[in-house]
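My questions all concern the structure below.
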Amino acid sequence: MAARPPLSSLRRQPAVLGLLAVLLLVLVSTTGLKSVQAVAAEPVPIRVLMPAPLADAVAGPVARFNASGSGVALEVIRGPLDTETISDLAISSLLLGEAPFDLLLVDVSWLAKYVAAGWFLPLERWFGPEVLAAMEPGARLGNGLGEHLWRMPLTGDTGLLYWRTDLMERPPRDTEELVAISRDLQRRGRVRWGYLWQGRQYEGLSCVMVEMLQGFGARWWDDATARTVLDSPQAVAAAGWLDALLRDGVSPKAVANYAENDALQSFAAGEAAFLRNWPYAWREIEKGGGPVKGKVGVTSMVGAPGEQGGGTLGTWGLSLIKGSPHPEEAVAVIRWLTGPVVQRQLAIEQGYAPTWSRLYDDPDLQRRAPLLAVQRQALRHPQLRPLTPAYAQLSDLLARQVNGMLTGQAGPDQTMATAQRQSLQVLRSVAGTPGSPPGSPPRSP
Amino acid sequence: MSTASGAGLELRQLCREVGERRLLDRLDLHVAPGECVALLGPSGCGKSTTLRLVAGLDPASGGQVLLDGEDLSERGPGERQVAMVFQSYALYPHLSVAGNLELGLQVRGMAVRERQRRIDATLDLLQLGELRHRRPAQLSGGQRQRVALARALLRQPRIVLLDEPMSNLDAQLREDLRPELRRLLCGREQPVIYVTHDQQEAVGMADRIALLEAGRLQQVGSPRELYTNPANRFVASFLGRPAINLLSIEPGRQLGLRPEHLHLSEDGAVAARLLRREWWGHQQLLWLDSQWGTLRVLTAPETATPQEPRLSWQRQHELWFDPQSGARLLH
Amino acid sequence: MRTRSSSLLLILPALVLLAAVFLYPLLRYGWLSFHASSVLTGLVPVPNGGANWGRLLDDVRFWTDAGQTLRFAICSVALELLGGLALALLLHRPLRGRGPLRALTLLPWALPTTVMALGWRWILNDPHGPLNAAIRSLGGSSYGFLSTPATTWFFVVLADVWKTMPFVALLLLAGLQTIPVDLEEALRLEGASRLQILRRLTLPLLVPYITLAVLFRLAQALGVFDLIQVLTGGGPAGSTESLALYAYLNAMRFLDFGYASTVMLATFLLLLVPLGGGWLLLRRAGLERTTERAA
């Protein structure tokens, strides 16, 4: 591997460094970094940066790990809970060159950018093919890029379809059934709305689009050409289906401003027959004790008739920061934190989907984590967001265009044509040419 | 010296105090219609204070300002129909000469045609027509003063106040302007108060002079009255250049003798020694040392001066003062 | 008399400094804006034939942010000018304890923006901030002031006005103090009311100071970054994102320095339009009157 070309060329940009200093000051002062744990008699310190909810979720296992006398003092840094904010924090530390952490909990949508920046060490030295083979097929996705393994997955969450067991006997098999059931229930006055989902202009809408594109036989990203293909007839049909949901009143117009929680609240109040959300929503509904408690079923996301549907992959995993002074100890921490003990606890306490196949076969865990079967089902056909370092920009413009369509600014044809045109412009602008291979290693200057 | 319902401007027991400081102490003064009274005195004597009280710019602590028997004390500065020429001229820097004249008429809502008529007439009177589009910054000092004067006259005021209107001009210009200023200001209907610290200007401009010191009126009268018959030592020494000689001849009495009243004579009563001679062309000033200190003597320029002359004077020119209070002693 | 060349020599150090801190980065951004320089190129600039500028013209986010930035700047500066003028007139009057009062009003301006923005974020926090605590104690329920675009925008403007109004007030106060008192007295003697004095005398004479304040503040407000970064991060849903923040995100979040340079340069060029326009407009309104010198 070339020795950090990106960083050295960054150091030559004083304006950038000045901005970084400001950002760091801001972020550190706003997030109030706190350490959860620090124990040791001369043990090797290993620090891992995680979003606060996940850091809290693993606090118990971390304490046990530190007490086990492994020679490592594991310290979990609680980062901000917003995905973008914690990524900004991580990037600003990494750009300065001396990251104050050895491990980073990485969202699947960041991976390509971080890998291209050259901030991670590949993990295949420690985790061979046989390790991944013991995981569910969907959980293996989004960890490798090019020839290397960059991330060990901790969770295997996907988008799921929630349905009301009190309103229908079985969940819909495809998008047409979903609409038909919805309209029937609405006509009979059983429920106000049919389907609730995330239509706000943000990453959640991109996740919905990933599912719909796949469900209609379209693709967002073509790995072979490293280009977007958003203007295919199938892609327009997918966008058109979402647009029709609002126009026909199956979904409320307000969906155009819904994030996960807005949709969940409305569904939990009994206002709709279907909901698109992540696994955590089930616990929220059952815990909340609202009118639909005990009346909610979960299934994997549907596609158009004859097409294979599937949920967007929203997994977290641990990556090793290049330049960590103790890579061996850090890998031991990865092994422990992504191991079955921790994943079991996360499944029971937080509802996160495990990645190890044998956890899905565990009858005790099946009993204590009722979504397990559905989650395993969903991991059979998961949908991956485009694995390109330019994903954030592509996702932003797609969400913007689709949200514009939902608020009536343009039809599906024009929306997807614009999104495609803008995507190619972004790729040309970012890469020089539209279509350099994804995640290609950075060239040395 | 005035009656309650007299015409003109009357100040009665006018006072101004700021905190503990008494800036003006019970001033009584009457200015007849068409009369120009100069307020004269060193800086801080209360002359500008008086002017601001008459204009209504500062509140009086006591006393009254009457105009033609009418009490102005309760009226604001905008309602007194007072025109004032400021020491700085206070021309509006963002407006042309014509604009400076017009603004006051505008704020009082005068019709455009009437405004134009008055402005044209006033500019003609002061020969400012060619400068009407200039800004104040583009005018000379004398021109600015004329604009300020024009602005004051334009509004046909009932009282005209001038606050050191010539102190920013050079000496030559000051002398040249005096007759013109008198022609424009005095002898009209309004009483005029003219504030200055320059006695020449006061003598040149005013019908009467009111001399102030430390907030108190010392004496008021014609220039001749004040010069020949001063009420006290301050009046005697303030007026007249070179200043009066003060001789402590006897205990309890101080003798004032003006330099022009001392004569060189063989049989003079006082022996002196010549220190220095200033030759002024029309006169010469001698500085002499005597047993009562240094004396100033004015003589004709050709008068021969011995090194040790003797001095004499006429009794009628003697002015006697109380050495402590400075009050005039009459005998 | 100084010769032309010797006066040029005298301003040379200033010119060199200006070129180093201003011209060089500008030229560098200009050059970089015709290159791809991102993680995909290993941060090595690769010519991309003007693709950045083509992308910019079609970039909805850029133009949305441009509109938002302009709206923020116009509203903030207008409110700051009105409030600052009122405050300056108040502080100009002879009041007891005027000195300490002046110092006190300057306090918000002396606070670092990040600290100030953090303070506002705490005040507006849902549900733990004092504002929501007050609403609850009055029987209402907590409101997400920073999760609704309209209220967020309102508080961003309010925070900016709160912070920079004292600066505008101070500038105008300095202007008020250059106006000789006797000008006002002369107009009072003419029978003018307070309002007439303000309109006919004070405001025209303040024009150079108002111009300065508006241009200065407009330039600052159009480049707003730290306040928004800390208070809202550009949210909710990008509704308060400014151009400066977008340029920053392109560099820091997207690691795309070629496009970040393009956005920065385009922002600079866009700033020139309102600034130049404002300058010409105010200049025509009377700046030259008071800068004229006697012939």
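We call the chains A, B and C, going by the order they appear; numbering starts again at 1 in every chain.
Keep this in mind: contacts are C-beta pairs under 8 Å (C-beta built on N, C-alpha and C of every residue); 3 or more make two chains touch, one makes a residue touch a chain.
Small disclaimer: the values here were computed from a predicted structure and weren't measured.
Ranked by separation of Cα centres from subunit B, the top chain is A. Comparing chain C-alpha centroids with the centroid of the full set of protein C-alpha atoms picks out C as the closest. Separating the centre of subunit A from that of subunit B, both taken as means of CA atoms, is a distance of 92 Å. Centre to centre, using the average C-alpha position, subunit B and subunit C are separated by 55 Å.
In whole angstrom, the spacing between the mean C-alpha positions of subunit A and subunit C is 38. Those residues of subunit C in touch with two or more other chains do not exist in this structure.
Residue ranges of subunit C in contact with subunit A, taken from their complex: 25, 35-36, 38-44, 46-49, 51-52, 54-55, 58-61, 114, 118, 121, 226, 229-230, 233, 237-238, 248, 251-259, 262.
Those residues of subunit B that touch subunit C in the shared complex are 55, 57, 76-80, 82-84, 86-88, 90, 92-94, 103-104, 106-108, 135, 137-139, 151, 155.
Those residues of subunit A that touch subunit C in the complex are listed here as 5-6, 9-10, 13, 15-16, 19-20, 22-23, 25-26, 29-30, 84-85, 87-88, 91-92, 95, 113, 116-118, 200-202, 389-390, 392-393, 396-397, 400-401, 404, 421-422, 425-426, 428-433, 436, 440, 442-445. Looking at the complex, you find that subunit C touches subunit B at residues 180, 182-183, 185-193, 196, 200-201, 204-205, 207, 286, 289-290, 292-295.
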